[in-house]
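One chain, chain A, appears in both complexes that follow, with chain B as partner in the first and chain C in the second.
So, the complex of A and B:
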């Protein structure tokens, strides 16, 4: 084949040469350790604890094991802020090498054509065998519509039902009278309603103890779990078909409204980040909450508590949550390779296990649970096993383009229904329409 | 007389009630900052913790380099304010007392700038900052805010109120523009300038989004980013540490306000704009 030399090819080559020269010169003179690859890693912090320090420690260990790679961990706020920082950097032509963002953002990043597929790296590591170590429930959110894999799970959680065993025991007589077992949590929606009713304690007009808290803020996430438990979903896996107004979802929302408005056994829109403190402070007997809150509850709760699968209706079901690693386009290949090495390190059984113990997230690597330290840890903290076991019933969290707009449409309408400003039907219809528009980019 | 006494009592009662309402959050802040995690949410109100957890403050210093953040925040806020004053005073003078072609249009643009939210211009600002090579620098944190439409507007209104006779007198005495600004306008508008300075410092002290977007390293990061580390979405916050950090972050600004409050209040009483 004849080489095709475009007009001005020579000068282009000249520019290239001088660019390379400048680059080499810069590398030689600016940094003494010129062989080093520097990668920038944006991450959010989602749970309480000295996690910035934990991440820094993990990075240090990685650098010790991989001389020549210099990782710069950058705390980037909460999930939304991290996404905004990543997006701004992308639009500014200054992408990070590696970032952890909330899993529902995948399609938005794909639309920006921002990430590289990780399949070649995974192939090189053994393909299916490599992926087999990860929980399937967590991998569901890693695939793009083209079937390629764009993310590797890192800090992952699911919603779960927490219950205060002491409060259950205190109400043992009443629970038994109603034919309920005070030594176990509710397993179905119907039981959930009964338990919540009995466990609510009122003094006059004041509620001294709530039976249950379904918190606001991220109630879209919990609502997705209810949709799954009722055999429906909110947005199908294709990321386009909206099923928000299905009769199953309506039934779920009506149940919420009943618990909050009619029976008043669950406070309306309790702020998300206060709910664990309510549970710890004995304000409520049960709560739906992220497994990410477990470490904090373990450290501060002064009573016996349990974690359980979320009660089922037609089936058990929950979406997963949390954040995945992504490697970006527009950076040198050496950086991408280094970023992959870092991902591989962070999801290794021992490191993923350490991260799980420190943060309370479920370890994404199945092999973590075979390690002696992890087993010792689970013995003292058996609730963590429940979080892991619920993964059997886990589905990918819904994903779609414009996710932040969609989430906003969901929470505003759910909130309106729960506050009694809209009927459940109106709220679901409104959310349905807004979400369809958001997906179409209107 | 009887009625007047009644009035005074009512007035004092209302004022005290308002004062308590304002102070209570600060008391709560202090109280929570010194509690242990288990004491934060109790069924009964508890303001004085069992043991004072001074260690909360040590722990926040462990989590992030707060003193460095403090230094950066001070540099950025003072930097912004100084350049703002340098630009805003002459600009306000020009709008208030000089005539030049296009004055109204330019002034309109200044006023529009007041209404633009930071979020809407964040991408262009980012691009410019990147082009100038100022990402990850304190200069990059300062630069986008130095031309304040709000400050220009505020000072223009004040400068307009200065009687023309004073200007004429200054002219007769041989003062030029700068001398007139320095010796007449600034002393006369001191309350407004102080007010603007306070608002500027408080605003930029609390800036979160811009520093988060353009900085990656502790070396240049500001206090609010450190504070953000204690607000968690998935697990609920570390309230005690969050409050300890909040106290650390807002103490200087409270001290600053207390120190300048006399001038500040005076300016609200005398200046043309309120709020």
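So, the complex of A and C:
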């Protein structure tokens, strides 16, 4: 091969000049000159489904209504990845203007002194009246320890129980023989166990159909729900007192181990992101999953399905989940104002309602449910109301500094217990100690 | 030709140093050509290595947001942490289990393709295409292949009467699932390198061996295997470094789980740095990784570097 040798200095210089020219031109034209304020908006997609297109559509609508503001939506991956991008941007001294992060990250962001309190904006909008439109259950995770509000709910969910009505009907005789109603989902833990057992179909030593899936990956979140249903919790609201090893929690974990190890009616640690496909594909009769997965199931499931409250033990109970909007420090006031406008837009009854219909998340704005469009939609899909109604029994999700370390300690130990590598007692003790250490920063 | 492109002093009467001095303006000019490359190498490789080595002796996390000197505290913490040892075990397991089958099969396929004239391109493409698919897409593909009840792999297994496995969802199989996927992804790349290496082997040797009555295996054992030595050395080192650095598929397929059973060192670095925001620990892990890779590379060169047959003379 001949080596590439430029023919002469002039042509080289020409190439360079034109390259530089093109670069400069590209830079000039890439920024639309008409927008007065540009804001960068980082958002995650935490559930299955093509939600990126939905967000882009909403951003376009906002820009149409607010010609001076240019919003650049940055799809930042799942919840963890989004938090990392925000984190990296903060460290680099180039914070986003606006971001949605997972609600448990609030204390970590506060620790980094990254956000502005939103109280002044809320005051200007009418203070309590403005907040009254939001479901209280969702606002619990928005406050810092100083009592100021740092987040506005956006994509919010709770875990719910999905059930395959066709499978229930197919097993009607057996269910009736056991004194169970095939036309309704289980309402208590005891019923859950019975239903799951009857609905499991085995062929030889292979399980053809599971009674139930409690997926892995976010099982810490679903475990928190079980803790609540048993009248306990994992970390108290102060973000410091750990109650992980309470007897109520132990009872909950023992129930899980029983379902997975002893009765084998629930697969062990089914990955989070393929669990909806298992439900849609008829692998399981029931599953615990985020309400955020509902849109996908609605669009692809070819059978009759229902959504229900998670069964209770001592009481109904669930933590909320999802992500809130946050506005960041270290950006111009004009950008913060624009970001607030965007938040207001996104939580408006019609927009929040549209988001809820498209994604399956609960609309954060109560007034969404008064809109004719929404009511029409809910008539067709009454399942969508379940998550909203379950909010009556919803608690704030646990929050603490170093949340990711805590979450890791929880999932690692839950996984070990569910695979039978640790006894439930050992797992809870180990997690308890690791979490206490993480909170103290050891 | 450009003037002054490497004219190395070769013997002659002039003393070495004198010649260099005479040529010094040109020599500087030659060095100037290195400047842009060196600049980026320094900026993006050497400086970060030094910076992270320094950081590994500092406490720097969410609870102490400014780097603070703490000696070997980070290393001690890791030493006393079970997960660190599990991660090291997983990393070495991943490397040792995946490298040798990959290398061996890559060479065998390269030989087979090399000997084949008909449909050669078709074979090269079909083995090489996994390398061309972006890792993110490949990982998602395999998530579905591994899906316990609906995935194609378990369906095939049960057709043969074998038990269905949990693959990504079980701590016994998760690392195997990743090794198989990585094997599939890397095989074509190493095969292509071997194929290039085979072109340097003198054909006459095979003819001579054939005339002497050597069979297929014998020919390759005695000629091919030793003569692709330099290629193997290259492949071995690249494979070790690539497999030690596996990250994307773990991030996308298991996030190190369940219970850290598929967590390897680079993913652990990432977890500590960008999930737990403990940059001190993450830097200490990076230092450990650099030391391990440096040690392995030197070891391999020391062991094999001199013994390798570079030509057939």
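The rule is short, and it goes like this: the second predicted complex is superposed on the first by the 405 of 442 C-alpha atoms of A that agree within 3 Å, B and C clash if a C-alpha of one lies under 4 Å from a C-alpha of the other, contacts with A are read in each partner's own complex, and residues count from 1 in each chain.
Everything below uses one rule, namely that a contact is a pair of C-beta atoms (placed from the backbone, for glycine too) under 8 Å apart; a residue touches a chain by one contact, two chains touch by 3 or more.
Predicted model only: the values in this text are computed from it and were never measured.
*Asks:* Based on the superposed arrangement around chain A, label chain B with chain C as either clash or fit.
*Replies:* Overlaying the two complexes on chain A (C-alpha atoms) leaves chain C and chain B clashing.
*Asks:* More residues of chain A are touched by which chain, chain B or chain C?
*Replies:* B
*Asks:* One more residue to check, A:232. First (chain B), second (chain C), both or neither?
*Replies:* So A:232 meets neither chain B nor chain C here.
*Asks:* Classify the contacts of A:88 with the two partner chains as first (chain B alone), second (chain C alone), both, or neither.
*Replies:* both
*Asks:* For A:277, is the partner it touches chain B (first), chain C (second), both, or none of the two (neither)?
*Replies:* both
*Asks:* So, does A:112 touch the first partner chain B, the second partner chain C, both, or neither?
*Replies:* Touch status of A:112: second partner only.
*Asks:* After the superposition on A, what does A:296 contact: first (chain B), second (chain C), both or neither?
*Replies:* First partner only.
*Asks:* Would you sort A:157 into first (chain B), second (chain C), both or neither based on which partner it touches?
*Replies:* In the superposition, A:157 touches chain B alone.
*Asks:* Quick one: classify A:79 as touching chain B (first), chain C (second), both or neither.
*Replies:* So A:79 only meets chain B here.
*Asks:* Touch check for A:267: first (chain B), second (chain C), both, or neither?
*Replies:* second
*Asks:* Flag for me the stretch of chain C that overlaps chain B after superposition; candidates: 188-196, 206-214 or 242-250.
*Replies:* Clashes occur only in 188-196.
*Asks:* Which chain A residues contact chain B in one complex and chain C in the other?
*Replies:* 84, 88, 217, 273-274, 277-278, 281, 283
*Asks:* Would you tell me which residues of chain B are touching chain A in their complex?
*Replies:* 37-38, 40-43, 62-64, 122-123, 126-127, 130, 135, 209, 212-213, 216-217, 225, 228-239
*Asks:* Touching residues of chain A toward chain B in the complex: what are they?
*Replies:* The touching residues are 40, 45-50, 52-53, 72, 74-79, 81, 84-85, 88-89, 91-94, 157, 217-218, 272-278, 280-283, 290, 292-296, 299-300, 302, 321-322, 360.
*Asks:* In the complex of these two chains, what residues of chain C are touching chain A?
*Replies:* 1-2, 61-65, 83, 143-144, 147-150, 158, 163-164, 166, 168-171, 254-255, 257-260, 271, 274-278
*Asks:* Would you mind writing out the residues of chain A in touch with chain C in their complex?
*Replies:* Residues 5, 80, 83-84, 87-88, 108, 111-112, 205-206, 216-217, 267-271, 273-274, 277-278, 281, 283, 401-402, 404-405, 408, 411-413, 415-416, 419, 421, 441 of chain A touch chain C in their complex.
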